[in-house]
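Okay, so chain A shows up in both of these, paired with chain B first and chain C after.
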Partner chain A sequence: MRPKTLLRIARWEATKGFGGLDRGAVAVGVAAVAFVLAVGVVGVVGGVAIEDGIYRVGVEEDSDLYGPVADDPAFAAVEPNPEAIDGGGLAAGGRYDLYVEDRPGGARLYLAESGGEPTEKSRAALAALRGSIDRYNDRRLSAEDNASAAFPVTVTVRYVERGGSEVVAAGDAGDASGADDGDSTTDGGAGGTDGSSGGGATGSDGGTTGTDTETTQGATGGDTEGPIGAPSLGAFDLFGTAGTTGTPSDIQPPFPFQSLVLAFLFVLPLNFLIQAYGSSMLSERLGRRGELLLVAPVGRADIVFGKTLPYAAASVSITVAIVAGLRLLGGEAGLLSVLAVAPLTLLFLATTFLGSLFARSFKELTFVTVTITTLLTTYAFVPAIFAETSAVAFVSPLTLAIKDLTGTAVTPGQFAFALGPPTLVGAICFFFGLGLYREEDLFTQRAIQHKALDALAERIRRPRSVAAVVVLLVPFVFVAELFAVALLFALPVAVSIPLVFAVIAVIEELAKGLPIYAGFAHDRYGRTLPVSLAVGAAAGIGFFLAEKLTLAVQLVGLPGSPVADAAFQTGFGAPTPGVIALLAFAPLALHVATSTVTAAGASRGRSTFVLGLCSAVLVHVAYNAAVVSRVV
Partner chain B sequence: MSRAAIARRELGSLSREKTIVLALLIQLVIAGFSSFLVVGLTSLYDPGAAEGDVVVGVTGEEADRLLAAAEPVDGLDARPYDPADAEAAFDRNEIQAIAAVERRGGRIAVTVDAPQTSLQKTLVVVQLRAALEELERTERSARSEHLSFQPVSVSVPASVDASPYFGFSYAVLLPLLVFLPVFIGGAVVVDSLTEEIERGTLELLRVAPTSLTEIVEGKAGVLAALAPIQVALWVLLLGLNEIAVANVPAILAFTTALSVVAVVFAAGLALAVPVRQRAQLSYSLGMLAAFAAAALLPEHPATTVALLAIDSATPTTYAHLGATVVAAIGAAAILRVQLAAVDAESLG
Partner chain C sequence: MIEVRGLRKEYGAFVAVEDSSFTVDRGEVFGIIGPNGAGKTTTLKSLAGLLEPTEGSVEVSGEPADARETRRRLGFLPEESPLYEEMTAVSYLEFFADLYDVPDDVATTRIHDALDRLELEHRRRAIGDMSKGMKRKVAIARSLVNDPDVLVYDEPASGLDPLTTNYIIEFTKELAAEGRTIVFSAHNLYHVEEVCDRVAIMNEGRIVAEGALGDLRDRYGATEYRVFTTVEVPGASAEGDRYRRVVESMADVESVRKAAVENGGAIDDIRTVEPTLEGLFLDLADSEGRGHSDSEATEA
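Moving on, here comes the complex of A and B:
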């Protein structure tokens, strides 16, 4: 790679089409401005209330309940018609889901019924109404002069480490600063009446944050009106630290809701970026446009990384801009957030690069891009939800960003655990993709499976290089296995463990078998028995060595759940040194044996390869069932 | 006739590349993901999902009041403790939290110590909050003579359980499943047209006895028609999961209208900017901008879908539906007029 040519290609890529203001650039600019404006407008209007008026309540305007109903956008107050409750009940399918009848002794509530039972909708409406009444009361009471009668109970929640019985300093500091933030920014004045108790001031904030929750609920989407009280998303409580002191309705369960939403800010631009990047890469393949660069005296790596660099740089600068914006708003985001997003960028770009080499048309590329977006966003988000509660969260780099946003420290081990795997996977995707960046694969309509074999075979020169390719595939094996564990985790252990064994056997044998087959199919080595043995041994040893890296997984502290243990066979649960030694080397024998079986099949042709692979999987499953389940 | 031939060809290429299958799979993943998020998160808060009660040790001079308030809360077991015993019990994991209740300046001050690292702490806080809110209600009514506003309360015929996912299914999940196919349909129109132009195959098509109008309408028509079909499938699937959707014809009409507007926008963009990268970026940014800006309408389109599905439609909802249909017809007419004026030779 020569930096000078790389940079020149990067400059071409970045300035392509910006020479003059052509229609395309104008269209993108207009759309981007419209997008920013529209989002700004939504921000000013106060979010999109999707639940607007989904429950219809028949209520008189002078009823006590009119206030709570009218204040909550989820309800539509409808003029009541007493005929609706003539039969002593409210029939479903009419104009009301709930009906309030004012009587001298107090209001009576009717739920829409069908077949004598309240409908699901009316019950949901009632649950929503209860919450709405509580918020309405709090809001009205916050205007009371006598604050201690209006809010007679104050609550402080402290998170304490078990065993030590001492309050964790970080949590405590967070509490205190959180309460301060709330005071200084949202104090409506009413809370100032009570100087002696800090709780009084935050108590009155409860009213304002309560309304925020209402208006932003729809915009954030992932929330229900059920028992989850979504913490407020108001601009003044961005970091979710407030609310640990206050009235009972102020305290929020520990859940990094705001931080998650903020972290989404980091991932959102990546989706647009890979769209542009994928288009650019694929359009090189249309009409042999890329040929000009390919025949020029520059290396493939220069071309690929030169074309990638502007997008990576754009991502970094967008992240820096977001971090700077958050800091201006008083957030704690910093360098760690930028570092956390970098491997995600690499992963997004690398998978898109590979996708654009495989896609046969723009249509297919769109679906590939959407798939990448969906899967990688899931990968980044689902673990990050548990940022406050579980070490598994560090599987995702986004957890680091959340820790950064909430001002929590991160150990170097966690840092490496979160950033290492995505960086590695991204780098390997680029490595395999580079193998495909050549005339035969770029400009011809080869079937996807052939391209995949091309990518593998490109890295195989002789039997022992199979080992290196298998090693490179191991991160993908882990990703696939983690995915399987995540999917099967919810099942009962009696079902999930055998299933995990089977799925893992298939994944691991495929990872060893495909490079072997690719080598035979591309005539990288002869189709003889000694070669089969050598290739099988190489694949087995390569896989074994790479797999032992999982020990690192255990060291960083993936919790010892039985499913995770079954997946990674670390054998740490074993009782004696002899067993540990056996567990350490038995897999080596297994991997060599099974991949030799596959290699023997692959040397004869495609159908025997499938046959060999199936027998290898069966042997693997039998081994797992016999050895692992007995010892662990 | 040639319009149908183009449409058939377009459909053929979609099914040959199996992208339609992929599209449905993606939607399934997105729907599954969002449901997983909500169901998973709700179960963190759901007392029914936990094994056994949350046990809380209550200490302090006013402990009795909290103990009384905790009585009616399901899944919460509040026990009186001495402060020292409570800490020991907390360390031994016999109780999940300590609540110290004191009287301070005319108020009741409760300090809750919850475990720092535990998946259960969410549930502990939620359960304790229920008890504390009950306590607040009791204390408030005891001081009601000092208040000018009397808190509203509601007497319910009987205790009723509500599904916490009810609002989510209609207000988030269903609109998501309506807007995704619409969005993807337009994106595919952009791809399909820009690819023909960039590859230079549009010229070949035009050698055949077809006009540009027929080509564009054939391609856009297929994708506009695919969206309501997908939505119909989702409605069926939701029905199997006991989420009954009301006003299905109206929802499908709304989807069709939206999808026509989307593909017209996409086709117009693709012809104006016949470079995929630019056109696709403008399309997705533009669509998101339109979706956000729709908040300025009297009713957001997502709300329209939700209100129709949950059977709470108002006259505004139907007015919205009508206006969208009119907009779709208008957009299609404008596209046809514009296409007649486009000089096909000028496209690559």
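Moving on, here comes the complex of A and C:
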């Protein structure tokens, strides 16, 4: 690969359409982008206001209820006219949905009625008014100088990770949470103790007279975030939930909703980028446009990465712009967010590249990009939802972005675990895709299975190269097995364990068998028994060695999941020497034996390959049932 | 200059080209003709380094055809004109000149020179807005931006109107006159006769005949002599007030003359009919087809 050539192609890819664009089209495009950005910013910062003024309330300005009505945009305060309630009721269809009549000692509320019954809208208005009054009262209490008078009871909530080893002592009066460090003002009785517990969501009120008045701003321990569950985003509070006080009903589980929404901003542009990228790649193939690039004195990698670079650069630029925007608005986003999005960019582009090589029309490409968008967005988001509760969340790089947005540190191990697999899978997709970037696969309507075999065979030159190809497939095996675990773990163990044994066997034998067959089908080696033995051994050894990468699962652990144990053998407890020996050599023997069976079949043709593969799967399932089930 | 040895190209179970060998000398114009599916395009793409031979070798000046340096000195024109239609002609040619490491000033001169010679107007118009003939001219100009020694042209005038076709054939002759080595395929055999020094006739993936046009005529095509007599002779057919007999040698002509004299007449006219490339091609293709179906001996 030559950087100069690569940059030439990148520049061309980024600018080739300019010659065909007139100024009007450019102006319209710029205006459209500006409009979308403006709407986005207004929507994010200002929120949407489709409910503004939907409830009309008749209320005097000197009424106690005027404040809650006037402060809530859902209400429109309307000048009250007592004639509206002359008959002892408020008729629907008039000027008011609610009517406040101030009386000595209180206020009476009238709901608009129809047929003697309050209308649905007036009931909704009443419910909204109750919520508005609560929020209004909270705001007023929060504004009190004497916080202990406004909030005489302090509860410190501290979240701990599920399955952690920390022992929580209820009623602990210590200040592990830092609860006593606040600038308290004492109001009332002396000698009270801090009522906050040392940890646990069940923190109890430890004293009845104690009036420690610390304001529970921020997380008080570990990875916890905001005081009422929602993560704190520092000065940038998207949903206005970063208040320091509230009622017990405001305490929610630590769901990083705000962070997820903001993190979505990072992933959203990728979905548009891959549409353009996939189209560009496919248009090289349709009509044979890319043929002349292949004739030019440039390498395949120059062409592919030259064409990819503008899209990758656009993604990084957009990410940096979003980070800068969030920082301007007071958020915590920084370099970690950019680094978190980079492997996602690589993964989106790499899978789109590979998909565009398999697609035979724009219709098929649409299917490919939609599939990629759905799968990868799910992959990025679903684990990230559990960013505050489970280490498994680090399967997704987006979890790093959420940590970054919430100002929480990550360990190097978490960083590597989040970024390593997508980076590796992306690189391998490009590696195999480059094998298909040639005349015979680009410009012909070859069936998908033939192209898949071509991609594998392109990297096979002799029997031992099968080992390298099998190693490269192991990340895909890992992903497929994680999917299997994710799909099966909810089932009863009696069902899920046998299923996972079977699925894992199929996935692993396919990963070994397909490169073996591709080599035979492309005459990369002879169809003899010694060659079959050599190829089978190479595939088995390669897979065995690479499979140990799955031990990375144990870095973060899939605690308490028997299905995960069955898939990855993570839960051995204290292994005995015998178990260690068994786990060291039995899988090696298994993989070599099964891949040799597959190779023997593949050497004779397709149908015998299928037969050999099925036999290998059966042996593998039997091994899983007999050996793995005893050690997990 | 170009040496193809034992070329075989398979697409799965399909053999597109089988055991094809030929050489092309520097400055020579070599034509490849054959029916659809004969293996012409596969052979040309192997020459351009686009296809890796399943067996055999393709070399240009002793280097493999797919070597980067070989590609740098070769200009390839595929049968279709796969252009980037959103680009203008000039920006398109500048991009390819850049890929071939042509200095900017040289590229500018070369591009405008080529477009002048091809009489291409509207150079700043998007290629997608051009006519088919104009696009073909842009494609030909692209094949020249690197000033190649070797040109590989696959059906350069395919699907164009007669005027543009003639123009492109004449332009190809000009390129040949500049001393470039050209490998050329065409369906229209008249074009091949016009341009090529030597030809290879392909059928079903094999080269069934190869050589200079005169040699091929001598080898495979019989010159016909149409002898017109004033009286009837054996084997003759009446044609107006004369009789016509077709023979294949001057000895036969002499026999006809004697027969006419014996019958009290004489030869009135003799016309010589030279074999055309098309006739040769049809004869060879036909005999190859029969050979494949009838016996193995023809293949050998």
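Note that in this section the second predicted complex is superposed on the first by the 403 of 632 C-alpha atoms of A that agree within 3 Å, B and C clash if a C-alpha of one lies under 4 Å from a C-alpha of the other, contacts with A are read in each partner's own complex, and residues count from 1 in each chain.
The criterion applied here is as follows: a contact is a pair of C-beta atoms (placed from the backbone, for glycine too) under 8 Å apart; a residue touches a chain by one contact, two chains touch by 3 or more.
What you see is a predicted model; the values in this text were computed from it and never measured.
A.B. asks: Give one of first, second, both or neither to describe whether A:Ser615 is in contact with chain B, with chain C, with both, or with none.
C.D. replies: neither
A.B. asks: Just chain B (first), just chain C (second), both, or neither: which does A:Arg288 touch?
C.D. replies: Only chain C is touched by A:Arg288; chain B is not.
A.B. asks: For A:Phe272, using the defined touch cut-off, is the partner it touches chain B, chain C, both, or neither? Pick first, second, both or neither.
C.D. replies: In the superposition, A:Phe272 touches chain B alone.
A.B. asks: Of chain B and chain C, which one contacts the greater number of residues in chain A?
C.D. replies: B
A.B. asks: Is A:Ala296 touching anything from chain B or chain C once the two structures are fitted on A? First, second, both or neither.
C.D. replies: Once the two structures are laid over each other on A, A:Ala296 reaches chain C alone.
A.B. asks: Name the contact category of A:Thr408: first (chain B only), second (chain C only), both, or neither.
C.D. replies: neither
A.B. asks: Just to be sure I read the superposition right, which of the two partners does A:His450 touch: chain B = first, chain C = second, or both, or neither?
C.D. replies: Touch partner of A:His450: chain C, not chain B.
A.B. asks: Taking the superposition as given, does A:Phe362 touch the first partner, chain B, the second, chain C, both, or neither?
C.D. replies: After superposition on chain A, A:Phe362 lies in contact with chain B alone.
A.B. asks: I'd like to check the shared interface: which positions of chain A are touched by both chain B and chain C across the two complexes?
C.D. replies: 17, 287
A.B. asks: Within the complex, which stretch of chain A touches chain B?
C.D. replies: Touch residues, chain A against chain B: 17, 23-25, 27-28, 30-32, 34-35, 37-39, 41-42, 45, 47-56, 64-65, 67-68, 74, 76, 93, 97, 106-111, 118, 120-121, 123-124, 126-130, 133-134, 136-137, 140-141, 143-146, 148-163, 165, 167-168, 171, 196-197, 199, 218, 221-228, 247-249, 251-255, 272, 275-276, 279-280, 282-283, 286-287, 360-367, 370-371, 374-375, 378, 382, 385-386, 389-390.
A.B. asks: Any idea which chain C residues touch chain A in the complex?
C.D. replies: So the residues of chain C in touch with chain A come to 11-12, 45, 48-52, 68-69, 71-72, 74, 76, 78, 80, 82-88, 91, 95-96, 98-101, 124, 126, 128, 142.
A.B. asks: Residues of chain B touching chain A in their complex?
C.D. replies: Residue positions touching the partner: 13-14, 17, 19, 22-23, 26, 29-30, 33-34, 36-38, 40-42, 44-46, 87, 90-91, 93, 104-119, 121-123, 125-126, 129, 132-133, 135-136, 139-140, 142-144, 146-149, 151-157, 160-168, 170-172, 175, 184, 187-188, 190-192, 194-195, 198-200, 269, 272-273, 275-286, 288-296, 299-300, 302-303, 306-307, 310-312, 314.
A.B. asks: Mind pulling up the chain A residues that touch chain C in the complex?
C.D. replies: Result: residues 5, 8-9, 12, 16-17, 19-20, 287-299, 438-440, 444, 450 of chain A touch chain C.
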